[in-house]
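In what follows, structures are represented as structure tokens.
Two complexes, one shared chain (chain A), two partners (chain B, chain C).
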Partner chain A sequence: MDLFFQQIFNGIMMGSTYAVVALGLTLVYGILHIPNFAHGHLYMLGAYVSFFAITSHGLGFWAAMAVSVAVLALLGIVVERVVYRPLKDQPHINSFISAIGALMILETWVIVTWGPQAQRIPNPYPGAVELLGITMTQQRLLLIVSAMVLIILLQIFIKKTTPGTAIEAVAQNREGAMLVGINVDRIFSLTFAISTGTAAIAATLVAPIFMISPAMGALLGMKAFVIVILGGLGSIPGAIVGGYFLGIVEALGGGYISADYKDVIAFGALLLILAVKPNGLFGKEVA
Partner chain B sequence: MKRVYSILAFLILGLALVAAGCGSKKDEKPAAAGGDKPKEVVLGYTGPLSGPAAEYGQDCFNGLEMAVNDINNAGGFTVGGKKHVFKLEKLDDMADPTNAVNNARRFLNQYKSKVIFNPVFTTTAPMMQINQEKGNEFLIMAYTSTPKAVQMNNSLVVAVPPPFTTYVHALADMAVSQGWKNIAMVVTLGAYGDEWRKAFKEHWESKGGKITADRPANYYTETNFSTQLTAVLATKPDALLIGGPSAPTGLVIEQARGLGFKGGFILVDQAKMEYIDKVVLKGITLMENTMGVAATTQTPLAGSVAFTKKYNDLHKKVATSEVTLNYCSVHALARAMEAAGTVEDPVAIRAAFPKAFPMLGDKFPAEYFGINDKGRMMVMPSVQLIKDGKYSPTVFYAYWPKNEEEFNKVKTETKMTGGTIKYLRVTE
Partner chain C sequence: MAVKFIREKWFYLLLLAVSLALPLVITDRYIFQIIIMSMVFSIATLSMNLILGYTGQASLAHAGFFAIGAYGLGIMTKAGLSFWLALPAASLLSALVGFIIGLPTLRTRGSYFAIVTLCFGVIVYIVIGNLVEITGGQTGLLGIPLPQLGGLVFNTHKSQYYLVLAFLLLTLFVMHRLVYSLLGLGFMSVRNNEALAESLGINTFATKIISFMTANFFAGMAGGIYASLMGSISPSVASFSHTFFWLVYLMLGGVATLAGPIIGAFAIPVLMEYLQFLQEYRLIIFGALLIIIIMYFPRGLMGGINSLRDKLSKAYKLRKTGGKDGITANK
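This part shows the complex of A and B:
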């Protein structure tokens, strides 16, 4: 039974990262109706900014995370302005191509700057903790708790504050929001900043546990898409549930069946759920 | 105005090109005597230069590059009375078989290379399918310890490191001396890892040990090994057999300790303890009771001491055996080309390889005593154990001598100044 809970814990840890990254993706989709294919790569860049702040400027872990969030939020605004806004009224395929261009630029830039090899951020909390028969490192626990806090704060922001409700209003009906005087362009920028900023937090939290490499964003970006589709495009609870679901399915499938089939199991589950519920778990029925 | 700018831009570009041209000319050393420009021999290198195994691929390349520079700076090598120098070209294959084969074809057609270096068996194997095509032959310098590399009846392969079966035997002996019985395996996926697991399992069980679990992981794409580790640690092993490229192997150690594992680690030969110690984990506190390939910086050879220092000055990195052995392989190739009297004919170059040896430790960072019929260059594997926060003295294993007499010949030939040499016959 210990083994089972340990695997669940592993799954929740990966799921925390997935959930936070997918949340950013789904927010952007809900508002702009574009799938931000560069999201995984912005996440990767978040890890590299933290890495740079820690190794080159001797910043502490939390300070580096703050820098990373600031840089990435700013970059998110820039990406939205340069890559997506000019194509707002164009067919969707144009933003796809633009996004692929953006992700290639980001990945190549990181390779040129920091090299293709994997890098490490020193682990700020390496100690081990034992809880109910499960052994975990402090950093992993920190990742799980921080992700939960972040998700709750984001919920409060969207439901209880004026800019948050404005985001929700734009997501529900863009024209309606414009009619009541919401500056939609500003909401676009804000949403992108939140989306990339939270990705930077997730990346910084997970970086000391694993390694960072220019390729780390591609797979995660793809998984985030899977989660967002699984949960229902644009649905916030869907992204959260989907993130943890994928993490746990991967851990259990990898632990009890075979690690070789980890991705087969995860993506197989996706196909199955979509076959039964084509709009995703929390997707709205399309009339 | 626009036109002026574009002309100016062209001018600057032109100047830059001229300057670059001058710069590269300066690097070329004049040929020793003849005054003729030495002939350039292009060597190809395909390996993982991006992705999680990039560091490994780059280390191998660095070793080759240093050898090429050393040989060229010393005036090159003489074939048929004419001076030759090497030119090394690299292409990234991300350890992917299809990419590697495409790269090999590019080297053949575009660069006219006759010798291609590759450090991952998963990519060497498909290249071995095409390197004997009539008219398109090329020699593969394979940095792989997989015995299969020399068992496939390919007469145009030279294997550079010792076969890993020698490490299987050496490390199993060491593990027995530690009193370990139950071992669980989390080794890298792919042809190399599969062979390792199979060989270790067979040997370990024949020695009366037990393999409690076997959960391979993809060290080239994964960084999270908790799932596999959790599963194997539940079987309460005394030690874990782990490894693939060094960087992810370090993560496996850290993650296993993070899950509360207090036992030992046996590293497959691709993973390097000293790299994990100095670069990945920054210390050996987590590595107590870890055994694996010995640290090159502690190799008791004059050539090795000088080399590792030079390498560290140049790259600010640890020279692992990927670096030192690949370095030696280029020297062996140059000697074989000299002996063969050709740089064009891979068959003749391969046939002349035995004449390249011995290469001993007074001049080289590792000692090569010969090449066997199958194409394996003979170098002694060496292992070490981390115990009580220290590296134990290096133990070398001469695996090829057929009898004590041949073993004694190795002992008299070597330039080793410390450590122990043991005789442990292992056939591939």
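This part shows the complex of A and C:
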């Protein structure tokens, strides 16, 4: 039973990362209809910016996170401008190919700058807590709690503030939003900044627990796509629930079935579910 | 029209003569190696072109099917089967897996299809890396025998060159026949407007499955040739960076043209040889190229050449007929 709870705990921890990253992706993919396939790579870059700030400039953990969020939010705006905006009125697949170009650039940039080997961010909260026979480090608990706070803050932002409702308005009807005086281009930039900024937070929280490497973004980005598609394109609750669900299923699968095939679960589930429902679980038609 | 036909025929004959005579000129082993690999990747890129370029379905599992062909051939020839039986068998295996995977995935559209095929590619990669008893796990398969024909072992670069050239010509021939057939028109109609194609009585799902299986057959064949020439393979053949490379070759050379994939598969590796000092930054250049092409030259090099030729011939006609007839003829 201890193993079970330990795996559930680990699952919730990984699920927190998945949920935050998928949430950012669902904003741009589901709401702006941009298949930002470089999302996982921007997440990876977020971890590296924090790493750089901590090891080269001696910044504290939280200060480094702030720097990382700022840099990534800015980079998100740039990526949207350069990589996606010129292709706005073209088929989805063109943006997808453009995104592949962007992720090649991002990954190689990190490899050239910091090398292909894995790096480690010093753990700011190494203490361990024992609860009901489960060992949890403070950093892991911090990740879970921070992710929840972040998710709640994002919900409040979208539902209660003016820029947030403007994002929803653009999602519902782009022309209508323009008519009532919303600057759609600016909303695109804002949404991208939020999406990549939150990815940077998730990456920085996870970085002290696992090693960071240039390849860490690719698989995570794909899993985020799986979550977004299965949870319903543009559905925020779908992304959150889907993220935690995938984290727990993977942890249990990894603990009880096979650790080697842990990553197959998400992708296999996508194949199986799309076989039955080609538009995803809560399917909306995509162009 | 006839003149044009004859002229084109001479052009292709000349190209064939050059490619047949090439080994007489080139003696450098290293350059040979690059050319042979470019030809193998030309086959892979041509097959990707069928599903992505002509049928409009961005399959990103291509390296996965390449790997299925490579491992299929490796395992079969190591078990004692002849190359000439193992290669079609491995290609058929790849096409068969394509059929099974195509059934669920081809019902999805646009970026969903791209993501779901990419996911399948990763599954292939993980499975190959973990099935240690069959695939050798991360070490891979070693000691795959070279192809043989009668008493001839393809162990020199020259013989390997002609072997791969034969397969490349075969692929080109099949692609040419396919693309200019009624079925090929069906592929393109699915790409241009799936709903319209369906309303014309085309079974779009069957059309997509046929295109996907054919593309995967040739991807598997390219993988099989690769495995037997290299002699050893590891799970990295299934890595999606291969798929991305072929995508760059295809987009640069010209999507939905027959010459484009070959031009791309030759131009980029050769270019990279001259830009050795940029080796580290290679992928940055690839990525930037991909973005620039998709934005400004979505039809690639061949598309650019074709539209330039159209413009020139229009201008030529215009001058010959004194302007008036040329314009009406074009209308």
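Just so it is clear, the second predicted complex is superposed on the first by the 263 of 287 C-alpha atoms of A that agree within 3 Å, B and C clash if a C-alpha of one lies under 4 Å from a C-alpha of the other, contacts with A are read in each partner's own complex, and residues count from 1 in each chain.
Everything that follows uses one rule, which is that a contact is a pair of C-beta atoms (placed from the backbone, for glycine too) under 8 Å apart; a residue touches a chain by one contact, two chains touch by 3 or more.
Since the model is a prediction, treat every value here as computed from it, not as a measurement.
Undergrad: Tell me the contact category for A:F157 with respect to chain B and chain C: first, second, both or neither.
TA: neither
Undergrad: With both complexes overlaid on chain A, does A:E250 touch chain B (first), chain C (second), both or neither?
TA: first
Undergrad: Check the residue A:M136 against both partner chains and state whether it touches chain B (first), chain C (second), both, or neither.
TA: first
Undergrad: If you stack the two complexes on chain A, which partner ends up touching A:P214: first (chain B), second (chain C), both, or neither?
TA: After superposing on A, A:P214 lies in contact with chain B but is clear of chain C.
Undergrad: Between chain B and chain C, whom does A:D260 touch in the aligned arrangement: first, second, both, or neither?
TA: A:D260: touches chain B and chain C.
Undergrad: After superposition on the shared chain, which partner residues are touched by A:Y125: those of chain B (first), chain C (second), both, or neither?
TA: After superposing on A, A:Y125 lies clear of both chain B and chain C.
Undergrad: Who does A:P278 touch here: chain B (first), chain C (second), both, or neither?
TA: After superposing on A, A:P278 lies in contact with chain C but is clear of chain B.
Undergrad: Figure out whether A:G101 sits in contact with chain B (first) or chain C (second), or with both, or with neither.
TA: It touches chain C, and chain B stays clear.
Undergrad: Would you sort A:W114 into first (chain B), second (chain C), both or neither based on which partner it touches?
TA: neither
Undergrad: Determine where on chain A the residues touched by chain B overlap those touched by chain C, and list them.
TA: Overlap of chain B and chain C footprints on chain A: residues 111, 219, 260.
Undergrad: Spell out the residues on chain A that touch chain C in their complex, using ranges where they run on.
TA: 35, 82-83, 86-87, 91-98, 100-105, 107-109, 111-112, 218-219, 222, 225-226, 229, 260-261, 263-264, 266-268, 270-272, 274-275, 278-280, 286-287
Undergrad: Which residues, counting only chain B, touch chain A once they are in their complex?
TA: 49-52, 54-55, 58, 92, 189, 215-218, 221, 223-224, 226-228, 230-231, 234, 247-248, 251, 254-255, 257-260, 280, 282
Undergrad: Under the touch definition given earlier, write down the residues of chain C that touch chain A in their complex.
TA: Counting only chain C, the residues touching chain A are 56, 58, 101, 103-105, 107-112, 114-116, 118-120, 122-123, 126-127, 129-130, 240, 244, 247, 251, 280-284, 286-291, 294-295, 298.
Undergrad: Note which residues of chain A are touching chain B in the complex, please.
TA: Contact set of chain A toward chain B: 2-3, 6-7, 10, 13-14, 111, 115-118, 120, 122-123, 126, 128, 130, 135-137, 140, 209-211, 213-216, 219, 250-251, 254-256, 258-260, 262.
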